[in-house]
Structures are given as C-alpha cells and as structure tokens.
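Paired with subunit B in one complex and with subunit C in the other, subunit A is shared by the two complexes that follow.
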Partner chain A sequence: MNSPDNNRTEQMEIDASAKWPVLFIFAHALAWLIVGGALELAAAIQLHTPTFLATCEWFTHGRLAPAASNALVYGWGFNAAFAFGLWLMARLSATTLRHGGWLFVAAKFWNVGVFLGVAGILAGYSTSFELLEMPRFVTFLLLAAYALIGVWGVTTFSIRNTENVFASQWYLFGAAFWFPWLYAIAQIMLFRAPVRGVMQPVVNAWYVHGLYGLWFVPVALAAAYYLLPKILGKPISNYYLAPLAFWWLAITTAFAGGSRLIGAPVPVWIPTLGTVANFMLVVPVVLIGLNLFGTLAGRYASLKGSVSLRFVFISLLAFVLASALNFAFSLRDVAEVVQFTLLSSLRDWLIFYACFSTAMFGAAYFMLPRLTGLEWRSPALVKIHLGATVLGTGLLTLGLAWGGWTQGHLLADPAVGFTDLSKAMTFWFTVRTGGLALLLLGHVAFLVNFIWIAWPFDSRHTAPAQINPPPALEVLKA
Partner chain B sequence: MKNGLALFLGVFAALALSWAGLLLTAQRQFGSLGQFKDPADDMLYPQPMSGLANQGRLVYQDLGCVSCHTQQVRREGFGTDLARKWGARGGYARDYIRDQTVLIGASRLGPDLRNAGNTELHPYADADYFYSLLYAPASGAPGSMMPAHAFLFDIHPVAGRQPSEHALKLSSKFAPGPGLEVVPTARAQALVAYLMSLKDTYDYPIERTRNAAAAEEKHGEKPKEGGK
Partner chain C sequence: MSAEPDKNFRLEQACATDDSIQQVHAQLQKTKPEKTGGYPLLPLGILGLMCAAVFFGSIYLAHNSIRFDPLVYNEHASRDKPGAQKIVPLTRAQLGKKVFDVTCIACHQANGLGLPGQYPPLAGSEWATGSEERVIRIVLHGLNGPIKVEGKDFNNVMAPLGEALKDEQIANAISYVRASWGNNAPEVTPEAVAKVRAETAGRKTYWTAAELEQVK
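== the complex of A and B ==
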C-alpha cells in the first residue's frame, strides 16, 4: 500500500511516538528482572543451604520463592511484553502510538501494584495460590493499570492503516484479551466468590496454564513471527498455515490446563481433557515449526550475524522443547514419576524464561537501537549476555531435567527416606543455583548496556558499536 | 484474516469455550459437593475444622508451606504415596470441602502433608514433634533440609518465673542455652493445630465403592494395569 520511502519515514514517526513509553516500561521490566532474579537466586540457595536467610521471617523459603516468581512474571514478564507489544502493534498497524502520556500513568500503576504485591507476599499476605499469591488488595490496581495498557494496544490495532493483519498482530491481540479474562475469572472464582473444595485447584491450574500458554507464548510467537522475516529479509514460509496454527493453538491451549491435575483428587475427566488437548497441540506446534523453522531453513548462517536472531532461535527451540514436555507430562506413566519434581517445574520455566524471556531479549536488541537511534555501546556486554543466556539456559535445562528425573525416581521408591532424598538432591539444587547465577550475570550485563543506550550520558565516547561484529561474518560476506 | 471483528469474536470464543467447558462444567458437577451423613453414627463427614486449626491454615498460607509440600494423596497404583504412609487411601474430592482454601500443591521438595495429623499412620507425629520440626527441623528429623521457622517461637529466660507448660523439650544440642526456654507463639500453636487436623481417616462409602469396583474389575482382567 505504501511506497518504501513512505514506509521509512512512517516507521521513524512511529518509533519516535513509541520511544519514551517503551523505554520507560522496559526500564521497569529490567529492574524487576534483576530484583526477581536476585530473589530467585536467594530462594534457590536455600534449597541446598537451608540456613540461608532462615532467621528472617520475610525471607523464609515459602515466601521468597513465590515473591521471586511473582516479581519475574508480573514485573519482568508483563512489563517486557507491554513495551514490546505496544511498539510492535504500532509498527505493524502503521500508526503512531498516540497520547503516550497515559501509558506512563498506567505503567506506573502496574509497577506500584507489582511492588505492593511482592512486598505483600514477603510480609505474609500471600494467598498461596500459584501465580496468584499477591494479596487481594493489589488485584484492582493491576487490572485497572492493565486495562489502560491493553486498551492502548487494541486501539492502536483498531486504527491501523494497513490492509492486511499480520500473524504477530493476531497473537498480540489475542494475548491482550486473554490475560485480563483469565486473571479476572481466577480472582473472582478464587477470592471474591470462592468456589469450594477441589474446584479451587482446578481454577488455579486453568489460570496458570492459560497465563503461560495464552499470554507468554503468544507474545513470544509474535516476536518470532515479526523478527525472523524482518531480519532475514524473506517472508514466512508456508504462511498460509499460520491462521490455522493460531486458532488451533488458542482453542486447545485453553483446554490444556487440566493436564496439571493428573492424579489429583478431581474427577478424572478434567486431567483427561487436558491430556487430549495436549495431544491435539502437536498439530499447531508442528505448523508453527513449519512457519518459523521453515523461514530459517537454509539461512542458519545468518544466526552468526544477528544477536536478535540468536535469541529468537533459542526461544524457538525452547518453545518446541516445552511443547514436547507438555505432551510427555500428559502421559500417565511419565506424570506418575515426574510430577511434583524439578522436571515438572522445568516445563513452566522453559516457557517463561527460555521461550518468552529470550524472545524479549531478541526483540529488545532489535527494537532499542531503532527507538533511540543509537548503537549498543558495548559489544562485549552483548556477548556476555548472550553467552550467559546460552550457558545458563543449557545448564538449567539439563540440570532440572536430570535432577527432576532422579528426584522422581527417588520419590517413587518408598524405601528412600526424605533425608536421603534431600541429600541426593543437593547436587542438583546446587546446579540450579549455578545456572540462575549465570543468568543473573547476563541480565546485569544487559542492564548496563540498556542504561547506556537509553540515557547516553557521556556521549563523547559513544563508539558506534555494531550490534554484532564477529569476524566470521566478514569472511562469509567475502 | 483481515476482519478485526472476526478476530475478536474468535479470540473471545476460544477462551469462553474453555471457561464454560472446563470450569463451569466442573463447578456444576462437584462445585456444591456436600458433607456425607453417616447413618451409623449420624455424624457429618468431613467434620469441620476447628477455629484454631482454621487460623493455622492462614499461617500455612502466609508462610507459603505449599511451595514445598503437597496435600494430595495419589491413589493406589499411581505413585507410591500410600507406601510412603502419606495416607491410608487416595484422596477424594469430598475430603477437601472442609478446607476454606485448598492448597493441593505442585512440588514435593518435602513430604506430603495431607495426613500429617493422622497418628495411626505415624504415631510419633504429635504436637511436640511438629513444634520441634518447626523450631529446629534437625531435632525432629535428623538431616532434614527444611528451613527452621524459629521466628514462630519466643525464647524466654526461665529465671524467676514458672516454666511455661508449652515450652519445647529440646535436646541440649538444639536448646538455646541454660536458663532459657522456647515457647511457641500463638501462630505456631495455630499452625500445629492445623497440621494435626490434617487427616482423611473417614472412608466415604460412595467414593469407596466407586473407586474399589473399578479397581477390582481391572485387577481381575489385566493385573498389570491395576488402578490406572
């Protein structure tokens, strides 16, 4: 519809309109990534060194662990998704982000809500429902702030200047609606008008699975669908399959939550329905794989030339692995051994960190230089971030899988007492701590680079660092 | 897909379908499950929780015990929960209607607690045992990796006062020192009352026949698949 020249000026206008809201929200996201990562690391240390921070009630493991996961999910995850989602929605809808001032207000409210929520958990107001631990009084704050941000995304979409609606937009649009519904329904059914008995775990499982599958996965996929063709300069392969994959993924994921309740004291149709849904999810995962890996096919050499692409590639691998785990955990014989172990936590970690968070890193490495018009200051820090992510993700994936498998088999043997079990697991808990520490190191490197690009003080020394200058690329070009 | 309205309706339907199909259907089926009146003794089961235990449930929630402890006993043939003496039978949905908040948990870094107060299964687990576990886990279970919850206890000098009848009987290794006693706070007392109240001892005839019949049938035909 637009000539390439128009496109260019248009993109610059859009980026200019999105710059400050996105930087503001992303700065909050990064702050939470560090805080949440530190809390998570402390909670991980407690598993092999139980005396660590044990005397302080605020930091007892039962409070520290949910505080960490809430800080990461609602602090880092949501802010990053807001920043990236708003920018991408504006770009793909070919319209500027209007009245961005309101976004500052909304983002501030959201972050105050998350802060009160995390502090509330540490202070002893936790509800103890997974990912809904934040005390009830922040619910309204979060929903109101979310409404404002979500409305911005949807409004930007509805005033789009484009004929076609791209796959990334479906995923962002879907996620923008699914989260508030999931959250509001879970809040009502668990706290406002609580359901009784084992209905509560059913609602909780439905929410948790929905949050991962209908909020974090769609945002990660939106990033992959956008960044791959953009950086590689070619269209998505087999794009005609994308709508089918989208609808199939949405409908089946929404039903898959029951698979978390295999063996739980609920009517057996609930986990069975989840199992069926997880089996059906194979189809959209294959279709999405055809789309995204198909686009990458034959161009794997480009991975060397782009940090964004490498992060997105990790994210894609994690998406496939997490889907495979979801499938495997639906099999009763597997669930019997691995449920309640580190391995079952690996599935959620893969989706949230290895799939979603790395996609956001990839998106940030693409988006922030365009928003600020600056290059990343320190290529070394970029390398540290990427290296720490690759190593940490690999270490945690292997460690949690192997450790969880061991844990499951020890749990299954009634002759092994809990003392021996804990002793045998100490090694794996230590591996986990190591992996998390590595990731945290990468995050700090990323934060420093972000501060440099967002507030370029002392700009005399701003050497135009290339996003990625590996010598191998020059060789390739030659 | 170009039509925004169609996209919206589809997105709405995707979630509405699962809400109605999963949550509302489940709610209709067992959302209003009631107590069972045993004709033999005219008593209602599960029996309601005592007020103190209910306060303890709040402490259990606020300390996040659910991070490491499940409260669900998997049935015979699926896992070894019964062999670990975590319950005398698999859990039923009806067991949970006494709990205002149902925290079945998702992680077994520590043992299952659904029958923590069932002294038939583990006779040693009296209130003193739980106090010692909370104050200094190694004093109750040597080698335990559970974090201590010493902040749930007060440490008093005994001098010039009558010793508290609730004071913990600790071995010298864990005792705070001569002339001092360790007394559980009200929160610790509530928490232990809650833990002691956790026991699914009553076996409901309806659930028992339903579960047992299915198991027997399968046992007869193909024993390896029993209970799956």
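== the complex of A and C ==
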C-alpha cells in the first residue's frame, strides 16, 4: 500500500487528467438539466393551463413532453453518468484518463446528437416510441459517440493498476455494456427491421425498463457504494452480499420490463414474466439495502455535516421506494388502478430523478472540488439546492402518489366523465408544476455554484480547496 | 470530519483512500461474518427470502403464463391444452365395478347371472333392482334360506359384508349391479347405506327372504 502522501499525489494526477473532459461533459449535463427542466415545467403547466404556449406549434404538448423527457434523459442523465462514471472509473482503477482529447470529440458528438434529436422532436419529427422519440438520423450519431465514451470507461478499467475491483466498478462496467445492448436492439427491432404488431410495444417496454434499471440505477448505485465508505470512513456492511445482489439485480431487471404491459394486448406470458422478475427483484433490493443502509446505521449524524451524503441518502430512499412501486405496480389488481395515471409516471420519475439524479448531485459535490482544486463558493446556494431537492422531491412524491391514486379510481369509474376527471385533476397537476419549479430553482442554484467553481474566468476569485489526505480504511472489528 | 457544517458545504473531506477502500472490501468480500454460536440469522433470512421469491415466482408463472402460448392474451383464458380431454369424474356404478370384481364375482359371476340352482342371478333380478332398503340389508347382514328369484328357487347362504365393506363401497357395488347387464335402477348413495346400517345396528343374524318381504 502506498503511503498517504504518495496516494494523494497519484490521485491529483488522475484528477488532473480527468479534469477537462469531465468538466466539459458535466457542463453539458447541467445545461441540459436546465433546458430539460424548463421544457418539463412548460409541459407540466399545459396540463392544468391548456392555453399555455398552445398557439405555438413547436411547443404543443405532444411535442413538448417527449422533448423534455429526452432532453433530461439523454442530455442530463447520460452526460452526468458519463462525467461521474469516467472519473470514478479512473479513480478506482488508479490510472489516469488517457488521451482525453477524444472524449471531447465524443462528448461533442453526443451532445450535437441530443440537440438535433430534441430539436427534431420539437419540429415534429418524433417517432411514437417512449424514450426513443428522437428522429432516426441521430441514432447513429448517439451510438457512435457512446461507443467512444463507453470504450474509454472500459479501457480505463482494463489498464487498471489495482489488484482488486470494487463494487462501484462492477456497476459502472456492467452499465457500460448494458446500455448499448438495450439501445442497439431497440433500434434494430423498432426501426431498422421492425418487428410486427404487438411485439413493438414489448420491445419498447423492455427498452424503457432496461434503460432505467440497467443504466441509471447501476450508475446511482456505483455512486452510493463509493461515497458511503469514502466519506464515512467505514466499510460497506455485509459486503460479502454485494456480488450476489449485483448479479441478481442484473439478470432479473432484464426480464422485468414486461410488467409495464399488464392488461395490454400482448401474449399474457410477457407481463407475467415481468411480474415474476419484479418478485425476484425484492432480493437484490433487500441485499443492497443491507449493504448501504447497514453502512449508514449508527452514523446518521454524519448526514448533518455532509451534503454529498444527504443527496446519496435521498437517492437510497428513492431506490427502495421505486423498487416497492415497481413491485406493487406489477400486481394485476394494483395495475388496474394505477396504469395511465400520475402514479405510473411517479415510478419512472423516482428512478430517474429521485434516485439517479440526486446520486449524481451528491457525487458532483464531492467530485468537482477535487477536479478543479477549488471549493464551493456559496454554501447558501448549496443549501438552496439541497432544500429545493428535499422539498421538491417530497412534494412530487406525495402529490403524484395521492393524485395518481385519485385519478386511477376516477378513471375506473364509468360514471365520471372525462371533463370532470380533468377538472378534478387540475389541483394535482398544479402540485406537480410547483414541485418541478422548486427542483428547477435548485438546479439554477447548483449551476451558479458550478460556474463559480469550473468556469475559468468566473472561478478566479473562488478559494482553493484544502483537501486533507484521507486516512486508510480499516476493517471494523465486530 | 469538521465540526462546522458550513465548512463541509464548501468542501467534502474524504475519510478513506481509494486503494484502502478496495483492499478492505476485497478482504471483506471473501470473509463472511464469523459464526458466534448458534445459527447466524442474516444468511438464513436471506436464504429464506430467496427461496420465497423463487417459490412464489414459479407458482405465479405457472398460473398466469398459460403455457407461454403466443396466442393467449388473457390470464383468465382456459388453462387446458388445446384438444385436451376434460377429466370426467367416474359414476358410482363405474367405481362399484372394482368392489364387485373383488367381492361379489365369485358367486354371482362377471355376467351377473350367478350359477343356476346354486347362486341367484343379479341381472334382471327383482331383488337387485327393487327396493334399495332390501338389497342394502342383504349386503350388510347376509341372507340365509330359500328365496325366489326370477321365478326360480334358490336355497343357499350369502355372507354378511357389512363389517368388511365401508358404506361407500357398498353403495358403489350395489349401484354397479343396478346399472349393469340391462338393469336400470337408480343408484344407491352411501348415505342410504349408512341410514340402513344405523337402523339395523342391533342385528346379528342373517336375513331371510320372508323377513325382507316385510321391509317395503
């Protein structure tokens, strides 16, 4: 083992090599977070105030809603995952991020692809498949750009200078392969050589569920597995269960997508298999809970002093809640009520935002000062971001759950007309708008702090970070 | 970790080096928690959870996948294979053949005709197809002495079978007799047998034809 001082210099080298590619990608991620958040907010407003932007063809709801989700998922989500994933992979592989120039090229291609895709959706060229709405011509651009970035992650792992591999690396490495697998197969089976009839929604559901469960969740878990021992100075508890959880999660998630199609006119074994996969997923969720909440146990006081840990804690709660919802929604009796309501959008939102995005915020608060060598200039803005996230997440979770349940019962009641239903739901759609606006406020606060720390001209007056060399982790005696 | 929270909002300090995190966890991955007497609850609980997930998953799959048929879109569809024969429960008479073939066949013969002069026939017999009260009594307690069947006289002994056979077996056997070889009398239920058995609980001797004539 290296002495702490040696260690520190090595890590500084790694951070220096990763600095510009990661900052470049993360800046794009944040830009998309703001743009996507604004589009999402506008789409949400239209649901209770239908006249909003209704005269502008480009911003009608049918275009705005998919543009928002694509901007957030492919713009914010993927860029954030790339930035954090590449940095953590380099850190844990104890090797510098080499030939970073190519990453700029790849990231630029990716973002041009997302831009063209979102603009294409707004211009009316969208396809009819959820999360694959981007016009066909950007597909190749995205896949090629992804290939370059994914290869960087994998190569960094393969030239690692460490004997051992940590759980975060499994998840990053796995996700690096799962996404292109899902995306390529969905593209081929839906666009290049489309499967017939009812198989199309099956492929689509499989892709959407896989994207959340095999791309965003693993990256969020990688962050949690890394940040908890890193900041608490305490090993993951019951770590011997982690490999089981990893494999079980990976294998069963790939089968779980069918549960989105309960009641749909597809061969009945497909939703049934999805339901069974969701039964099975209880096991890895419990194991991961034992790992991560077990590590936090007895150290909840540390949450007070650490903004990263607080974000990770929100992420963990959301992970458990989203898994519980996935389980509940795959039961046929529950699905009867919640399908096509705010509750089914809550499930996806929980995974993407409350689990994945908050984990990325937590990681960013840890990672960015190390990359830039500067500290966050405004703790007040950090607090605003955290507060907005807590309030917004809580509001949206409760609002969408309660509103969705009401909506489901009204939808199932033949005596309630659709106009009455819309009127009854206005309140809940307004709540949703409020929650999204709160989150957007937090994102703006984060952006300002990011500019102060990362933008060359604005960061000149930010204080340099005093990073203390951390002690070595020790095995706890039981 | 710093005591001032504000300090931490500016910069998150790490409390472990990356390579020590890897080394410690590589070590932990290989070592399960030490057994401290008795069974460790956690691994057992997890094993139980895994088994429960697999068990309920399999049952659910078996019930709702409808043979993975690509043409079945509804979990409430019939679970039978196409062209499968429905299982038809056997009638009392069909079940009774087994009892008859073991118990009655020696005297009354497979064709129900008995042996002329020795054992009376059952096919077409007014005793067998007549009052169920009588025929149940004969089977329960046996019959001794002269009897006229289908116009012919017989004089022999039939052993009591009430101790050897259960009510259901007796009912099945009688139903078989009453529905075979051209006989077409209503079947006899185990409840009827039980009723007669209770009514004649005190009887220790064989019936005679004359006594049975008294029973309607």
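Structural remarks
Everything below uses one rule, namely that the second predicted complex is superposed on the first by the 452 of 478 C-alpha atoms of A that agree within 3 Å, B and C clash if a C-alpha of one lies under 4 Å from a C-alpha of the other, contacts with A are read in each partner's own complex, and residues count from 1 in each chain.
Following the convention adopted for this analysis, contacts are C-beta pairs under 8 Å (C-beta built on N, C-alpha and C of every residue); 3 or more make two chains touch, one makes a residue touch a chain.
Just so it is clear, the model here is predicted, and its values are computed rather than measured.
Of the two partner chains, neither subunit B nor subunit C is touched by A:I149. In the superposition on chain A, A:W170 contacts subunit B only, with no contact to subunit C. Applying the stated contact rule after C-alpha superposition, one finds that A:G233 touches subunit C and leaves subunit B untouched. Of the two partner chains, subunit C is the only one touched by A:V282; subunit B is not. Once the two complexes are laid over each other on the shared chain, residue contacts for A:P201 go to subunit B alone; subunit C is not touched.
Once the two complexes are overlaid on the shared chain, A:V266 sits against subunit B and subunit C alike.
In the superposed model, A:P243 makes contact with both subunit B and subunit C.
When both complexes are overlaid on chain A, the residue A:R332 reaches subunit B and subunit C alike.
Applying the stated contact rule after C-alpha superposition, one finds that A:S302 touches subunit C and leaves subunit B untouched.
Counting contacts as defined above, subunit A residues 163-165, 243, 265-267, 273, 332 meet subunit B in one complex and subunit C in the other. Taken in their complex, subunit A has these residues touching subunit B: 46-48, 50-51, 54-57, 60-63, 65-66, 121, 124-130, 133, 157-158, 163-165, 170, 173-174, 177-178, 181-182, 185, 189, 194-203, 206, 210, 214, 243, 247, 250-251, 254-255, 257-258, 260, 263-267, 270, 273, 332, 336, 339-341, 344-345, 411-414, 418-420, 422-423, 426. Of all the residues in subunit A, the ones that touch subunit C in their complex are 1-2, 4, 7, 11, 91-92, 94, 162-167, 226, 229-236, 238-243, 265-269, 272-273, 275-276, 279-280, 282-283, 286-287, 290, 302, 304-308, 332, 365-366, 369, 375-377, 379, 382-383, 463, 465-475, 478.
Subunit B contributes residues 1-2, 4, 7-8, 10-12, 14-15, 17-19, 21-23, 26-27, 29-33, 60-68, 70, 72-75, 78-80, 83-84, 90-97, 99-111, 137, 141-151, 228 to its touches with subunit A in the complex. Within the complex formed with subunit A, the subunit C residues making contact are 1-2, 5-6, 8-34, 42, 46, 49-50, 53-54, 56-58, 60-61, 64-66, 68-75, 77.
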